[in-house]
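In the two complexes that follow, subunit A is the common piece, with subunit B as its partner first and subunit C second.
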Partner chain A sequence: MKTKRLEAPGGIFRYLFLLPAAVIYLSVIVFPAFYSFYLSFFKWNGINPNKIFVGFQNYIQLFTQDQVFLTALRNNIIWIVLTVCVTVTISLLLALLVNQQFKGRTAVRGILYFPYILSGVMVAIIWSWVYQPQLGLLKGLMDAVGIANISTAWLSNPSTALLAVFFAALWQGVGGPMTLFLAGLQTIPADLKEAAFIDGASKIQTFFKVTLPMLRETLVIVLATQIIASMKVYDVIYAMTGGGPANSTQTLSTWMVSQTFTFSNFGMGTAISTIMVAVMMIIIVPYVSLMSKE
Partner chain B sequence: MKRLAAAALAVLMLGTSLAGCGNPQPAASGGDSSAADSVIELTFWQEAGRAAWAEEVLKIMEEKYPNIKINMITNSTTDQKKNLKIAASSGTLPDIWYNWGGSLASYYPENDLCYDLTSYAKENNWSEKFSEQCLKLATFDGKLAGYPTSITTMGVIFRKDLLDQVGVKVPTTFEEFENACAKIKEAGLTPLALGGKGGWHTMRLVEILIEMYAGSDKHDSLNSFETPWTDEAVVKAFAKYKEFVDKGYFPDGFVSLEPNDARMLMYNGSAVMTLDGPSLLTAMLQDGQDISMYDYFKLPTVGGGERMSSFIDMMQFRSDLSDEKLDAAIKFVETYISDETIQKLGNLVKQPRAYKDMTVIGEAPSYVPNMMSDMSKFGSFTISDQALPQEVVNSLFSVQDSVALGSMTPQQAAQAMQSAVDSYKAAG
Partner chain C sequence: MQSNKIIQKTTFYFFLLILLCIWVFPLLFLLFSSLKTRQDFFGNPALSLPTSWFWENFKEAWARGNMHTYLKNGVIICGLKVPLGILIEALAAFAITRLNIRHSNKVFMIFLIGMMLPMQAALVPINLAMSRLNLTNTYFGLFYVYLGFGIPFGILILRGFFRSIPKEIDEAARIDGCTNWKLFWNVILPISKPAIATLVILDFLSTWNEFLLASLLITEDKMRTVPAGLMNFFGDHGADYPLLSAGVLISVIPIFIVYLVFQKYFVEGMSGAVKG
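This part shows the complex of A and B:
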């Protein structure tokens, strides 16, 4: 009888099974997150037992006096736009390509996916050498094809540095969303495309009227994860440029780490992390809720 | 509505993961971890450039002191600085860690995180054993914050064959140095192999220019913020730096060039000089270079401040080390720089030790003692990235890049430095 009562739908006992996971989640993620938010209202060096309450001063200082923070915020927004427009588009095109039947398809899939398993630091080292202005592969290639005159020190020029780092990140990152799109494409019934073909639809029309709508759920996941990853981008920038030249490639993550652990400004660092979350919420919540309603 | 709530919850979970502003905490033992079977275990964090040296020392320690076990973790230069701060804020500092001096080390005594060796030094007559200058550089607010191990000074290290090839003699005035750079450039070579990534390598030239134009006293007062950075000497230093950039005295794209990669340009014969210290020899030997091809001269800043940039290396200990552990830690560091060890390590160690005579043990090219002798003769100032607070250092690096890239005039650069100083002061 007792067992039956415990298993009854709606019985409170079932929530106990959630307890271990909830305790871990609350103590490892939720508490530190809210504690970070709390710390953002203090001036604190991370050690001193006396934290000085400064209210919103850290936030005000970031937006009114910290030019590097504003550069970092702008760079994150650029990175998000590039990711949404370039990474997602290219990964979708590649998924469409490797979804076709052709000889060596498995090998091509593997090659395209391979960079995704590399660490960001390793990718940064590889691409730093590609871009190396004296001995780099890119310079060598440009010399070989006779366009050395447009070769530049890609990472030294603030107007090209962020794009150069983004290209390295694109090379690495395209495999992940490509795989998700490929999985999505393989769930689309072939007869839908055949029906469109019989009705006289062109390949482009079929893509926009059949394939893309059927990929909507995959697209939501890909875009959400890519935007979040763009907001957190750190390792490839840290290892390729260290945020330079002249702080022109700083992102919120790299600046947050500098503020927190190089300058020991924990209040400022946690304020940046709070702003990162807020920016992400502003972008993701309306997007996800809109897509969910549709 | 349920979907919206689920979506918002999912985003919150991801968001909160991000907001937890804590990096993975490197593991380290506490200061009072128990010793098992009378074996004293110590954790030790070493900077990667000195890891080979430390690894050999650990082997010697195993033979000499079998009851002391040192667990070493190696970090890159940047990670050593950052990971120590992370460990400090989470109470997981190792028992012993390598550190540089100045503002990189001062955080630990300021926050009572490292052992104050003042009494220990007094009891053991360190004033008779160590160079006064080294002890001074390791002391902050009256606390001796570490065991000084070596001292470094910066000079121009150059390829003798390339300088001969170009027909340039070792310069004795700054004007001659500039002429030498011009001749080297005309010969199709890069005069100065400096890499701007991270800022500290090119800083070595900028700080010498400031020393030259400001003079020693004003340079010190700039670093202590008594003289504003808008001073004419700073403007002149940035202007000269920009002139060198415009004349192509640095490698192409040097602003983002890794300092280690800049060294390669000397190896392959496309660059002639760099600004470095005796530790470059160790790196060159590890890179398989013939160090007899290289020589040194002091960058001649005749007529202005003539001191040389310098810094010390030291080992810091956790503030809560037991007497037993402190004794073991001291034994380790003494072994680390003992005559016996350094003779055994041969090519691995070419840095002058922090002891009174500041000598290099074993074979070293004559220019190492010459560098040290020049430092004694002309005096030294603390290298800028240790003399200034890290926030101001970051601004200096950024300003250097901006001047080099032409996005700031020397006047604007000086003003930006002063703004960084003002912000630092305002933040208290």
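This part shows the complex of A and C:
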């Protein structure tokens, strides 16, 4: 089927506007991503000129023999669930809170947002010392309240380390989704809430029947971006625990980097990144179709 | 009725106070520690005020901790990457929205997929290519890779904004004899200041804070950007929180300035991105 197009002037030259972005994008993301996929079928140390083709063996080995990989996969799933349940909920509640009229609202918004501009490494340094077992802030506060007996070495205890790192990431991360929710809340007409109030709806009913449905689009975007970010989480974990103690905080990202650049298993590393992509595709496909819809 | 309202208000402010404590205490701890002598820090409770204002930590972090080098490298990389990246993204978004190119929606989708791919998916080949081309430990290598990873998000934001500009403006400009380039440079870009300001903040933040690529492509200390440099500093002085906190505060200053300057455009631009 042919449709007559309105031709913009410039003819073929107008494609030049697209050229720099296309060249850079293809060379930095597209070709490397395909090559990475290709490498995942080889056993290779990154230096030897001969790569040995091994088919799916890297993948099989990851799922059957690599305990750390399975821990990492589990941790990523825990991280996603925590992000969806805790980070998204808290940032929505915070957005509702700072959407109210009260004195010092701008300052409160600024404070809640501030950690979002920090790098993961800075957050890791700050929170490593919050959790420091003898002189840390948390220990100090627990001393003050008189519950220091439940204090532990949060980051070197395998049963608390992942949650401790997650809380630091939560502290850093709520600012972004909170801002998106705030922007979404501004688009809800005030008379809708008034109408609900006149009809005798309680605040909770108004939230679930009016506010939440109106925020649907924002919620989809926040969820998609948060899940994607959870899949990639690296900086804060690498800098706080390095994946330890005893690999209890490894994620696919940290383990992928260790496999490739510490142990020189380029095939295994690229296999892990391919698995990351596969898991994310499940989320990406509906997201892209939603975003690009006319 | 009246007392009910007071109870409601009290609980509201109580929760607000607890929240603020959680968010502010780690930052106060950072700030106070940076101004303490080691003796003061190790001898007194975490949130005590410094006994005297001790600025030596900042001097030491600046000089001995090499913060001046990391900051310089960060400024060079951001100074190149942010404006050039936005220009390249704007050119592409302009072509996608206003030049009637074929399959423009598919082109946009292909760019958008890059935003969803984790950096790790391209990491190994990038690293191999950079070492083969002798571009590890160079500004250009890091700059080029950052350009690539910024493109999907930049095009997403700018396309969203460009689409909201009425087509009549193009027609009027064309009647006045504008070429494609003039339409882009003299008409569309100036209208798009809010979207560009949002991108400047977000791009500056993500470039300044990027750690994974920076730690793999840069191994020489004199070429390190801020997060990788701080990580190195953390490794060397992990037990010296007064010094570390001074280093962290020094490296926050540039992003804080950019954030304050462009902040007023921020929510506006973000909501533009949400509407797509």
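Simple rule for what comes next: the second predicted complex is superposed on the first by the 263 of 294 C-alpha atoms of A that agree within 3 Å, B and C clash if a C-alpha of one lies under 4 Å from a C-alpha of the other, contacts with A are read in each partner's own complex, and residues count from 1 in each chain.
The rule is simple: a contact is a pair of C-beta atoms (placed from the backbone, for glycine too) under 8 Å apart; a residue touches a chain by one contact, two chains touch by 3 or more.
In this text the structure is predicted, and so the values were computed from the model without any measurement.
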item	value
Subunit A as common anchor, with subunit B and subunit C clashing or fitting	clash
Contacts of A:Phe208 with subunit B and subunit C, given as first, second, both or neither	neither
First (subunit B), second (subunit C), both or neither touched by A:Ala33	both
First (subunit B), second (subunit C), both or neither touched by A:Phe263	first
First, second, both or neither for A:Phe53, with subunit B first and subunit C second	neither
Which superposed partner A:Met280 touches (first subunit B, second subunit C, both, neither)	both
First (subunit B), second (subunit C), both or neither touched by A:Leu112	second
Between subunit B and subunit C, more extensive residue contact with subunit A	C
Clash-bearing segment of subunit B, relative to subunit C, as chosen among 26-34, 188-196 or 350-358	26-34
Touching both subunit C and subunit B, counted on subunit A across the two superposed complexes	25, 28-30, 32-33, 36, 39, 46, 128, 132, 135, 228, 231-232, 256-257, 260-261, 266, 269-270, 273-274, 276-277, 280, 284, 288, 292
Subunit A - residues contacting subunit B, complex	25, 28-30, 32-34, 36-37, 39, 43, 45-48, 65, 68, 128, 132-135, 152-158, 161, 224, 228, 231-232, 241-242, 244-247, 256-258, 260-266, 269-270, 273-274, 276-277, 280-281, 284-285, 288-289, 292-293
Subunit C-touching residues of subunit A, taken from the complex the two chains share	5-10, 13-15, 17-18, 20-22, 24-25, 27-33, 35-36, 39, 46, 94, 97, 100, 102, 108, 111-112, 114-115, 117-122, 124-130, 132, 135-137, 139-141, 143-144, 171, 179-180, 182-184, 186-187, 217-218, 221, 228, 231-232, 234-235, 238-239, 252-253, 256-257, 260-261, 266, 269-270, 272-274, 276-277, 280, 283-284, 287-288, 291-292, 294
In the complex with subunit A, residue positions of subunit C that touch it	12, 15-16, 19-20, 22-27, 29-30, 33, 41-42, 45-47, 88-89, 91-92, 94-96, 98-102, 105, 107-109, 111-114, 116-129, 144-145, 147-149, 151-152, 155-156, 174, 179-180, 184, 205, 208-212, 216, 226-228, 230-231, 234, 238, 241, 244-245, 248, 251-252, 255-256, 259, 266-267, 270-271, 274, 276
Touch list for subunit B against partner subunit A, complex	3-4, 6-8, 10-11, 13-23, 78, 81-82, 85-86, 88-89, 107, 111, 113, 196-199, 251-258, 261, 264-265, 270, 390-391, 394, 397-399, 401-402, 404-405, 407, 423, 427-428
